[in-house]
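Both complexes shown next keep subunit A, but they swap its partner, so subunit B is in the first and subunit C is in the second.
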Partner chain A sequence: MPEETLFLKNTETFAESMVRCGVRFHFAYPITPASDVMKHSAVILPAFGGRMVQMESELAVANALAGCACTGRLGATSTSGPGMSLMQETISFMAGAELPCLMLDSMRVGPGDGDIIGAQSNYFQATRGGGHGDYRVIVLALDSGQSAVDLMPTAIKLAYTYRTPVLFVMDGVTAQMTETSTFPEPHDYASEFDTSGWRYTGTKDHPKRFLLTGSYTHSQGYELNERLRAKYEIIKEKEQRWEAWGLEDAELLIVAFGIQGRMVRELAARMREEKKKVGYIVPITLWPYPDKAFEKLPKELKRVLVVEMNHGQMLDDVRLAVNGRAPTSFLGKTGGDTPLCTLAEIKAEAERLLEA
Partner chain B sequence: MRYKCVFSGSGGQGSALLAKLVCQAAIVDKLKVVMSQTYGIEQRGGDSTAFVIVSDQPIGNPLVEADGNLGIALSASTYGTCLASMGNEGQLFYNSSLIKSEIEKPGLTQVPLKASDIAIEVAGTPRGLNLVMLGAAVAATKFLKVETVEEVIRETIGHKKAALLDSNLASFRAGLDKA
Partner chain C sequence: MENTQENLSSLYGKTLMLDKLFSYCPGCGHGIVTRLVAETIEAMGIREKTVAVVGIGCGGFSHHYMDIDAIEAMHGRSPSVATGFKLASPDNFVFTYQGDGDMGAIGLADVLHAANKGVPITCLMINNTVFGMTGGQMSPTSLPGQITATTQKGRDTHLHGYPILIPEMMRSMPGVKYLARETVADAPAIRRAAKSLRKAFECQEKNLGFAFIEFIVPCPTGLKKGVKESYVWCKDQMLNYFKPTIFKDETE
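Up next is the complex of A and B:
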């Protein structure tokens, strides 16, 4: 199967991409706007020797994912906010037991059942762990089908290298768009990693193994957390990813991720043509947050504008990264027929801030 | 080049098929494409609008936000929505068999076409009205190649319903001639 360009819904592109990169087990439960991922993987997985398994609930999904990971195989799931919330107990377990998996949160409006239209309302849940305990999962932001194709090998590498769940977040508007994506030749990245030192294989040739997160002594709880802390420090140091543009002399820096980041790229180029000094930082990893992108801010910088499809979540991380060096403004909304800031709205706010 | 297209119609009129054909033809012509549709709690026969952006450059902003420059409105109840998504330049083709009065929009060229009547005339049924409109839009703007669109109609419609291919091609060609 050589390189090919397909015209698919971005949810379908996500499914294609994970399967072409080696995921053979997809556990899921239907929920808008993520159901197309499982519908598509159910059709294509058998030809790759895998299966999509529709479980009876999201709790079952997460536990199947954990069971699959215990055998060293890479499992994946796809869901949206309410489903993501139901899975958190097991995701916390997987982070503690250091079990790799891939997850997609095709984000919709919350809280509660909220609305089925797209949003970026799960930034806090995604980047703060989501469940109980001192843990994080690696979070990758998608802004198109192509970005899922491009990031999938990286996600699998991160999941195995650091033995951690990796979570993709994509707003439901992007998820429901149909566009062209170019896929490279399929390659099974998942089977390239050596899991023989920790996976459950029976005890014929080695002593009993544990993939537990409970401790028998207080010192074990301490050791578990110190081990996780050391790992998270390495991830923070080595795995920050972002795109930056125009930072050499920007007076206004716009920070946005996902679909709003994609729009800001076009807006910044357009405003530069109008001789307005605008630059952007588009985070690709939401955890670890790309603090390094903010290390050298331009001396001309007057203001930072954060744009999100929520009421200000990544805003907290931007404020931490900017650390008082420039005033930070926010533009965002959630819900409605057009549940995001339009280019015209962002441009008007950017112009207002530049003139202020 | 960048065309921001708005295709609106009522259930069964084929605005979604129209959007799909445009996307597939654009892909054959090596153009970039993004398609999005209004979605929610929809019902059969309800109104729907599809947005398609066709460009020879990578597409940043995937939204059509009152800046559409190629519109096709198939029914009276969706004409207003379609018009609202259009900008102040470009062309809006509307089905004047069903849309009886034009609402003026400064800068926008509006082209009436009795698409339902033309479809009945050439194919004996109004169902090809979406292809009549597509023909007219392609002839007037040349945003897609005629032969590519015909190839895609053959593949898409001929593949599923071979019996309907001739009447759909006839509708498309009638649209080309009327523009």
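Up next is the complex of A and C:
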């Protein structure tokens, strides 16, 4: 199968991409706006020797995914808001057990059942972890179908290199868009990693192994956490990803991810044509947060504007990264018929801040 | 002959790890079931490709006494973990080892759906009618009137319902190929339980579908009884409600 360009819903592009990169087992439970991922994977996986497995709940989904990961093989899941909440205990378990997997949160409005329309209100849950304990998962922000295609090999590499769940977040608006994406030739990245040193597939080639995320002694709990801490420090140092533009002389720095980031890229270019000194940082990794992008802020910088489809969640990370060197403003909303800040709204706020 | 580990290994084989000190309390039924499981694995010659998915609770200790790979799942989720595992690695023998709290309370949905799907795994529920590890609280299988840490005047069926009969719930599921309730209350029963276990693992060997055994066992500590007394109570009281039965055997 050579390179090809397809016109698909971005949820379908996600399914297509993960399967073409080596995911053979996709565990899922229907939930809007993520259901099209499982619908599509159910159709295409058998030809790749895999299966979409529809489980009876997101609890079962996450745990079947953990079981799959124990064999060393790559599994994935896709869900949204309430489903993501149900999976949190097992995500904590998988982080503690150091099990690789891919997950997609096609984010919708919360809290509670919230609304099925797209949002970015799971930023805290994704980056802080809704589960218990001192753990982190790598979080990658998608803003298009193409970004899923482009980041999929990286995600698999991260999952196996660091033996960790990797979580994609895609706001439900992006998830529901239909657009073209160009897929490279399929390649099974997942099979390139040697899992013989840790998988739990019987004692034929190794002494007894057992997966323990609890502890029988207090020192075991301490050692587990110290090992995880050391790993997370390496990830923070090596794996920050972002796009930045116009930082050499920006008076206004806009920070946004996902579809709002995609809009801000276009807006900044337009405002530059109007001689307005606007720059942007669009994080690709939400954890580790790209603090390094903020290391050298322009001398001219007057203000930082954070735009999100929520009530200010990434805002906390921006403030930590800026660390008082510039004042920060926020523009955001969640829900409604137009559940994001429009270009006109962002432009008006940007101009107001530049003139202030 | 001295009872050295080597001598014992020549009798019992490699699966049962005789050098491990038990963390089960004296008289605990888990000890018997764990040994039966180890002996079944040994007899079938499947030690190297068997993987245990154990629950949270005293049953979680079981794998420490067997020289096999093991996964300690989150509370109640062993059947779902085993489902994902078996799918990705079908050549492994996968069994779950869970208590009545782990399987009958928090994990009921997981085991019933695994059974209904006919997932080719072996699920074992060791039912001692209490949450043992946490200190003898009422479980879904506690008997009517049974005094526990959380039912100090006895289990009131108006408030708490009746003890849950899990094999009876699985009877109508075509995906379930071997289904039994056994006990370790006395020696003849232990011999019957051993035969049942063999069938439940053979079910997986033949890739027939789901296999399930509930073991009725005493928990002297949780039941606040002496060892002998707890076995008498198990036989007289528990078996009166949880009747040992082979509900289904489609292994032939």
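FYI, the second predicted complex is superposed on the first by the 356 of 356 C-alpha atoms of A that agree within 3 Å, B and C clash if a C-alpha of one lies under 4 Å from a C-alpha of the other, contacts with A are read in each partner's own complex, and residues count from 1 in each chain.
Keep this in mind: a contact is a pair of C-beta atoms (placed from the backbone, for glycine too) under 8 Å apart; a residue touches a chain by one contact, two chains touch by 3 or more.
This structure is a prediction, so every number in the text was calculated from the model and none was measured.
In the three-chain model built by superposing on subunit A, subunit B fits alongside subunit C with no clash. Counting residues of subunit A touched by each partner, subunit B versus subunit C, the larger count belongs to C. In the superposition on chain A, contact of A:56 is made with subunit C only, not with subunit B.
In the superposition on chain A, A:89 contacts subunit C only, with no contact to subunit B.
In the superposed model, A:266 lies in contact with subunit B only, and not with subunit C. By the document's definition of touching, neither partner reaches A:321: not subunit B, not subunit C.
On the chain A superposition, the C-alpha centres give an angle at subunit A of 120° between subunit B and subunit C, rounded to a multiple of 10. Using the contact criterion defined above for the overlaid structures, shared-chain residue A:338 touches subunit B, although it does not reach subunit C.
After overlaying the two complexes on the shared chain, residue contacts for A:19 are found with neither subunit B nor subunit C.
The superposed three-chain arrangement places the nearest Cα atoms of subunit B and subunit C 30 Å from each other.
On subunit A, the surface touched by subunit B in one complex and the surface touched by subunit C in the other have no residue in common. Looking at the complex, you find that subunit B touches subunit A at residues 23-24, 27, 32-40, 59-63, 65-67. Remark: subunit A residues 24-25, 27, 51, 53, 55-57, 59-60, 63-71, 73, 75, 89-90, 93, 200-204, 208-214 touch subunit C in the complex.
Those residues of subunit A lying in contact with subunit B across their complex are 5, 7, 116-117, 173-174, 176-180, 259, 262-263, 265-267, 269, 337-338, 340, 342-344. On the side of subunit C, the complex with subunit A involves touching residues 47-51, 53, 56, 63-64, 67-74, 77, 80-89, 92, 109-110, 113.
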